[in-house]
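Each chain carries a letter (A, B, C and D) given by its place in the written order, and its residues are counted from 1.
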Amino acid sequence: MTAQPPSSQTASDQAASPPDPRNTAVLTITCPDRTGIVAAVSQFLFVHGANIIHSDQHSTGAPGGTFFMRMEFHLGGLDLAPEPFERAFARVVAEPFGMGWRLSYAARPKRMALLVSRYDHCFLDLLWRVRRGEVPVEIPLVISNHEDLRRDAELFGLPFHVVPVTRENKAEAEVEQVRLLHEAGADFAVLARYMQILSGDFLRGFGRPVINIHHSFLPAFVGANPYRAAFQRGVKLIGATSHYVTEELDAGPIIAQDVIPVTHRETPESLMRLGRDVERRVLARAVAAHAEDRVLVEGNKTVVF
Amino acid sequence: MTAQPPSSQTASDQAASPPDPRNTAVLTITCPDRTGIVAAVSQFLFVHGANIIHSDQHSTGAPGGTFFMRMEFHLGGLDLAPEPFERAFARVVAEPFGMGWRLSYAARPKRMALLVSRYDHCFLDLLWRVRRGEVPVEIPLVISNHEDLRRDAELFGLPFHVVPVTRENKAEAEVEQVRLLHEAGADFAVLARYMQILSGDFLRGFGRPVINIHHSFLPAFVGANPYRAAFQRGVKLIGATSHYVTEELDAGPIIAQDVIPVTHRETPESLMRLGRDVERRVLARAVAAHAEDRVLVEGNKTVVF
Amino acid sequence: MTAQPPSSQTASDQAASPPDPRNTAVLTITCPDRTGIVAAVSQFLFVHGANIIHSDQHSTGAPGGTFFMRMEFHLGGLDLAPEPFERAFARVVAEPFGMGWRLSYAARPKRMALLVSRYDHCFLDLLWRVRRGEVPVEIPLVISNHEDLRRDAELFGLPFHVVPVTRENKAEAEVEQVRLLHEAGADFAVLARYMQILSGDFLRGFGRPVINIHHSFLPAFVGANPYRAAFQRGVKLIGATSHYVTEELDAGPIIAQDVIPVTHRETPESLMRLGRDVERRVLARAVAAHAEDRVLVEGNKTVVF
Amino acid sequence: MTAQPPSSQTASDQAASPPDPRNTAVLTITCPDRTGIVAAVSQFLFVHGANIIHSDQHSTGAPGGTFFMRMEFHLGGLDLAPEPFERAFARVVAEPFGMGWRLSYAARPKRMALLVSRYDHCFLDLLWRVRRGEVPVEIPLVISNHEDLRRDAELFGLPFHVVPVTRENKAEAEVEQVRLLHEAGADFAVLARYMQILSGDFLRGFGRPVINIHHSFLPAFVGANPYRAAFQRGVKLIGATSHYVTEELDAGPIIAQDVIPVTHRETPESLMRLGRDVERRVLARAVAAHAEDRVLVEGNKTVVF
């Protein structure tokens, strides 16, 4: 449940005034709702010298509901090294309240693998945002079923692996993809318009979150060719949806959605072109939220702080 | 196909400078696409002294495509009274090009009937807008299956007819509704959150356009309880769709759509409350477009100029 | 600083499951930022049986920054009546941390006075939302400098006072307005397109928050005729801004803003018509936020939870 | 006034069915409003075999108003080569109506020069869009006052010229920039976050349109550091404006604007980061509109078809 602490020096003494933005951590919690949770967590952090920067909470409200919390805090004044701090938190707070929890350290950004096919827009947009520091991740590898985007990947200095996928070799191809992902130490994977459906075997084999961008406003236009379907239905908005991948196609928990207005003047082709801008914006938003531990999943829904 | 001209005085001589906004007409055309249409229409209008104020056109483009046009013009300089003008247009332009066409006069606003149940938001919003002159219509009557909104209707000086609808009397109730609509001379009807499904018999009996507001971003969440369905799916946007009613539920040509962002904090009830703002905005936009002859229907899609 | 508690019965025993939404309170806090605030507040609430429903916090971050918090909680399990509860909070938590704070009870909605002139759109929209329960306020009176909206006010059962304002009598008129507001026990006032500038004397005399809706995207187009100014500049968006009124015209803390796209086709008149929809939406959002104690003011800026 | 026709072969016989999208032209017209303009233009095009694909028109309406039109048509059936076609149009239509006009051929895309400094977001976004065919231009050169973006430009195969600009050498630097632009045959220039103010001498020397992106919702926050100014004013939306450059800073005709919502949580730095997404979207929209001859300028305002 808990990530490995990056190193013991994160517990060193706090800098006088402008605190190091890398010397922070995020604690996320999911547990049965009851009174006293906020008090217990904030008291624990206060006592151990963790200075809360942001705090968000949510409750599903009904009796028997679920409580969600995200707290971001500075580690500079911590009186324990990360490991004993986590052990203490588990014993003193998490266990009594039956919490599922995770602690992520800014000093150890998540490792994001990218799966792509031929479309470059979502791919380039993510690479550029990572380069600018907008999305706190490292990219250990790019996997594609085509050669097309090799040059773009390599210009950003990224390993590019082509794993061709055919109807016949799909199972083996997925085994190879999962092997590459594990070898690269990927914490999560992003399908940046990767044009193959992942099997349950892949998802179980990888065992970590996979984020997809679907080019429609789900649940409208599930499946292939949503822009053509939108054109035929004559909708006045087109959209994009980023969601966690589950075995059921286009049915996983939604992280982000957006739309843009369109008119009768559009063709399926121009819808596709306009849609690219929404797709890359929505995917970037979802990936940033995941990378910053702002997404908590409960059943088929997300809490996005 | 053509509306009755309001009166012969519309062909009187034009005022010197600020032309009377009521002394205008809108010509809408749908026909097989070919070269020369714009030239023929604009030449005809020019020759007869009609001064074009706005012009919009659209073509579905493919060979064998359809051409749509809307032209708004001043009647002040017309050299013919409306009736002979229409006859001449039919003979000289419309017939050679195989046009479906309609001429509407600002001096004769459309008569809009309202069907309502218990929700007041779309209903009041339309009444306010009509009172302010934002939507160029007259409202000859309001029909409801409940008493609830009687007082609101009567404060606006509108005849309010209650036609109770039960599973048993539905066919007769619809006959009565159609009779009231015809008696009131309604040019079109608006279902301002009217909570009954209209049968094909109603639609054929009335024989004129019926506009509905559906409280979801169609084609997502067709049918009853879309806010509950949206809540369960965990979408991050909720929307509303205004469309012409056809026999197939929630499947008619879409006139307008819009959405607003929502978060995990919403309940089905708060979605319903937030949705009211979108519903009334979208319905008002669709009704205004229809009232101003800016909507042309082709198959299951609309052109909205 | 603290509101009067509604009555001692709010401390009665909690209903078994679905807690009464009226039996809640909101605590808002502004204080110098330091560690331990969240722990102290949440501990105090927990110990006294207040069950936190929502919690938001914000810090301006810099050393010497300001901390803002809003906590909404159920009163059903409270072990003290409101008055001793507030006294205990003041002594145990607020004073040690140097907090400015306020406690508002859902059972005692704020009293909102409306000032209007001739435009009805913002006015009617607010009345309708209050009637539907969307904005938790009572409206003790409406003040206008014109007779025009008397009938609308009276249909909603609201006292309507006309205080004519001329260049000559402005000072006296404001004295009369302030007298009416105090007599009616108004907690805050909303200028729903009230077309007179309020003097510093009015603001000091009333001594409570006044919310205005300005029909532009401030700070663009300060002052009179913003739609005309927007037309002349040729902007592609028009907007509205709701803000607290201060002595400097259109310069008070902004609560909410929104815009809609416009094109070259608009005239100053059509901008004004389109703008009405944005104005009423933005004002309603600001008024609801204020009524729900979600707005904290710091200098010339707001924190809106 | 007229562009050089691309070549005589554009007048060759039309392909049977799917007409070549490159074999089209756009005619834009600005002239005093009077009756008969649409009839004259459409008649001329029809007679010479030009098949209208799209047509837009606008009139400023008042007596003595201005008429604007944009017509896009296929050249395949043209009975004249471009040059005699243009001469005929000038003599038969344009002169009698006192038209300013321009004819642009899809086969000869405009040549867009880019001026950049250190920010890469608008620059890269435009390069990607051009590479994908979203914006119909050729890029003959990139000019910068810094070396930073050389590698990005060269990866796209674009000539990259550094012209350092200091307070002392500004006049000479501009002379050199204008020389480079003319030498490269630039039809227009885009300031993709170029951080120097262009003088009137530059604008007159280049003599062609220059498009800028300003990082605020003009006319709010003219000048330097708009994000800091937005932060200090506490606005709830930030925006971007793309406009033609004139001698008066940030006051030229606006082509496109957009905004995004922001909250009290943002810092000047995070506003800058969020703003980048709006800036690149707005600039891309403005550049595409210009490249497709959809922008007509009249005084300090634009008509964007």
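Note that a contact is a pair of C-beta atoms (placed from the backbone, for glycine too) under 8 Å apart; a residue touches a chain by one contact, two chains touch by 3 or more.
By chain, with names taken from UniProt: A, B, C, D = Formyltetrahydrofolate deformylase.
Given the structure is predicted, the values throughout are model-derived calculations rather than measurements.
Asks: Based on which chains touch which, give the shortest step count from subunit A to subunit D.
Replies: Counted as steps through touching chains, the separation is 1.
Asks: Using C-alpha centres only, name the chain that sits farthest from subunit C.
Replies: Farthest by centroid: D.
Asks: Report, in whole Å, the distance between the mean C-alpha point of subunit A and the mean C-alpha point of subunit C.
Replies: Centre separation, subunit A to subunit C: 37 Å.
Asks: Taking each chain's centre as its mean C-alpha position, how far apart are subunit A and subunit B in Å?
Replies: The answer is 44 Å.
Asks: Listing for subunit D: what residues touch at least two other chains?
Replies: In subunit D, the residues touching two or more other chains are 61.
Asks: Taking the touch definition from the header, please name the shape of the chain graph: line, ring, star, complete or other.
Replies: Topology of the interface graph: complete, with all chain pairs in contact.
Asks: Can you check the complex and tell me which residues of subunit B touch subunit D?
Replies: 17-18, 35-36, 38-39, 42-43, 45-47, 49, 51-57, 59, 61, 63, 77
Asks: What does subunit A use to touch subunit D in their complex?
Replies: 120-121, 124, 128, 132, 134, 155, 273, 277, 281
Asks: Using the touch definition up top, name the residues of subunit B that touch subunit A in the complex.
Replies: Within the complex, subunit B touches subunit A at residues 58, 61, 217-221, 233-237, 239, 253-259, 263-265, 267, 300-304.
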